[in-house]
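Each remark here refers to the structure printed beneath this line.
We call the chains A, B, C and D, going by the order they appear; numbering starts again at 1 in every chain.
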């Protein structure tokens, strides 16, 4: 049994996390913070959320818990992580603050100096399936972005075998909760409901360096990505369609076996039969990642779907917590 | 051929109006204003809108047009109306500024003194079907609210005959565009998409005094309303379900005949056969109001549907313009 | 620990039930049937559903389980219930087959003779909060309809005190999953997405006699209902807005206390503070019923929201199972 | 002034066409047919549609009109086209019957012999912008598929200059109305609303041979496509995201100029500034095609959006009619 706190509890990620924590029998939620709504119940601020009292982040007793989850903007996360670690408390950060191992890359993409560069080395990138060993007992976990979770899980088996021969195209589609809960015109119902909208196309989205840095660790082939996210009129869900040029010596049945073997025994990864496609509905409200594939003219077309708030955020954070503390990995997630 | 201007062009109502004006052959749009986006094209500010250059309201030459439409917040509308009338220009105001004939009632419901009380007497309430004669040549038209348009058209035939015997219940449902385009949490896609939400229930919504004032003009019975608006996850559309206690001497076939006769020759009113119901889809993107009715145990259940941006706002404004200037009433609207 | 089976597993209700059963630690799912898809996995027939093998209903070993849930059309349910009871197996029926205690009323509303009238006396109406004592150990439970669940819970406290003075108006709004999974034009995405649609208005919907029969058991005042269901473009959720004429000796604070007292200790009923409204989002994916109220001119306006697939169907079925077998009532539902 | 008829009036395409025809001043609609609903009004069969009487197709006087539009399944279209031409009546066919110039290709992709192969030579492929000259006075027009309209308009300028260096990837997203109005499980609201779903990925969709045949006519480079359509929870709209490998001598500004020049004076094509993206909302309820582009690492990423029922079907059919009969091309479409 461990005690945990959540900093930044009133966004979509924070609420999803608190819901999941409520079903986990080895965890006790000690506090949940909100800068804008301290002293109210979470259920008042977020209809349907658990009835848990919020406190001001200033009053969060970091030293009294074993772990804090950070559901904060990345600038605030970096500072909160440093404070928690100093208090001897483990951290799982759901922001982008510690996803890039390199402070210069951070500066280039986030337009400011990293607030806690001394912690970058220690942070473990929390893509559970590929980083499991490093996660055990980790003090600081950088939970992956939602898009990178699908893209990296879809490419990992190929990269291990250096089976990719060139530029990879990722055409990704995300539900609107991925844009956060702060009101903005682009997220208003009427603007979204009649629209499907590409954005940050090519090599401009902040998830790009995150993905390419991890790919580079897996293989010297270091494939470059073209990454095209699209906003779709759906609340939650994320689907990436990848177009991957193959080294010519790979054929479809081998590739499928490769995926099956790589992810054998993985409780949250489902490899579909050849020719079937992943869809958002297959993973709605679950922590699973479903992967489908078809080979076409030397290109592997891979579809990978997750629930952006679960495997793409809060679910994977809980999965990581389970690994860090040695709980059964699926606890609270099935 | 007349020249018109639109003040406040970038909201849902303003854009709908500019689209409709583009199809009207006897009208020339001379200017459209935006305080926040002057010197840009409307299409840049509102995807899919006509490519028309916006100007700062300070530069609007009110005196150069025959008519201005005001798609502004009610406080600004009152001032703009005064300025336009002084410049000798007619006004159709789509805000609530001139809907209440009584300055005290305005003060009570809008929490401030009326900015131009001297104009209240002149303002004609623009429910076209019932006010047509007063609209001809009017200098200042107060375009009705979206909810009142359905409720008043649904009650008008009964009121003329004093057929209502008591309190009328109005359970109304509106699409999200009715809440305007300014970003707010309650209008965010994720908040709306999984929800159906009553609000301002009972006798608290500002459309209540507007409706009851008009009802009082039509009949001494002055029925009181219980008014329950609901927000539904749909972009546009408005449906009111009315529960009307009948004087005992009225029976269903008579009532149906009464509606048919009252609205005979009305190009935008459709009375359904007894037992059929109005639905939002029947009026989507049209200026029609569809009305259905069923008598149950002495209560007349009436359903009335409009497109909130057309008959509930911009469409009726155009219809009123046609009447004011003596054009064919359906021009630009079929 | 008990063994259960589900007959008719591939509809929205069946899948929701199987999901919930998967989280209940004192229940083992032994079989799930599908006439149209035997020998396939549920996950193949319903994306995202658990990976459980379906069997033909002919092969369901009713005698091997302690309980069967019937998620079948009402005609089939009546026959299956008789077979299960004969095999010594308890039944929770989610269809309308045993909701009406009277075979004549059934015949009038469902257009056919009741297939198993001898069982009607034994069937317990499964509105858990009001029928808890009769449910303990029951052999045959008739799970309530989705609309009646909200309407009856909203009226129960008032009926006990005979506080209702006349006709009650129920304006109800339901998500599309309530219409079932069999393809029909009226449930197609394009037909629904742009629409809000009343149907079976007045005194024609089959849930009407179900509601009035229960109300009559609670009070001699036997209020008649006007019942207006509406279909809304949302997948799941149900909201009823009730307009209830009050006996003149009741005032708002008393009424609120009455609700609080009646439902004190009820784990799934939430009474909101006076003036607040129930919304669908407050109960999304939960087994709760949220009730709000406001008194207006002698009429109590009550809003009551449930998730139609949980408290309106599968959730309440599980809650009833917990009561029947003496488990903690909230097991598997929080 | 010409007289026209519509065969197959009650689907999404037929109704859209009849709405557009209602605004066209040089056209008189003489008949509209429905096999399943003869002798009813279109408005009864399709809420919100014009109130036009349907007739049985057997009673359609083909010889009395100048043109028939065929909104039928492709098998029926082929026969109806032959009958109409024999009666001396021009034909615009919105089905796939005459889109493939080659009867063998048709047989391979549609699984049956072509019902009227003798007409294939005469059929003009109705992509208005590229086939305008052949359309003037044409007797038989094969209106393009919705996906091909975006893909072909997006590739045309590059093909003319042979600027494409290899395999083109098309990741396309379509609204649900593209799947037609016949009820099916995959189009039910609940199935669609929570989902985003790829289908017929790779080289299996019937629009693939249509697109590649036209591309082959424009350039010897004959690029092969990988084509991945996705179904999105939106009623209408279509967006294709294309990834086009460029011959190395082309740079972004040149490419943009090429598009601007190719489509200069085209009333329905909008080329966005470099770096901007096309979205569905920009073209909602219009006959426009909006095209955006960005060059990334030698790949041109093009986004192309249309309203699938207008430029993707009924709108382009009307545009073609205007060209065939020598009317102003934009009549009835702005």
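To be clear about the criterion, a residue touches a chain if its C-beta (ideal position, glycine included) is under 8 Å from a C-beta of that chain, and two chains touch if they have at least 3 such contacts.
Everything numeric here is computed off the predicted structure, so don't read it as measured data.
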For this session: Sort the other chains by how far their Cα centres are from that of chain A and give me the top one.
Result: B
Seminar exercise, completed: More contacting C-beta pairs: B-D or A-B? The answer is A-B
Problem set entry | Centre-of-Cα separation between chain D and chain A, whole angstrom | 39
Problem set entry | CA centroid of chain A to CA centroid of chain B, Å | 46
Exercise. Distance-wise, how many Å sit between the C-alpha centres of chain B and chain D, to the nearest whole number?
Worked result: 37
Exercise. Where does chain B touch two or more other chains at once, residue-wise?
Worked result: 47, 191, 193-195, 233-234, 279, 281, 284
For this session: Going by the contact rule at the top, pick out the chain C residues touching chain D in the complex.
Result: 12, 47, 176-177, 181, 183-185, 187-195, 233-236
Exercise. Residues of chain D touching chain A in their complex?
Worked result: 167, 169, 171, 173, 191, 193-199, 201-203, 224, 226, 228, 230, 232-234, 237, 239, 241, 243, 277-281, 284, 294, 296-297, 299, 301, 303
Problem set entry | Residues of chain B that touch chain D when the two form their complex | 22, 47-48, 279, 281-286, 334
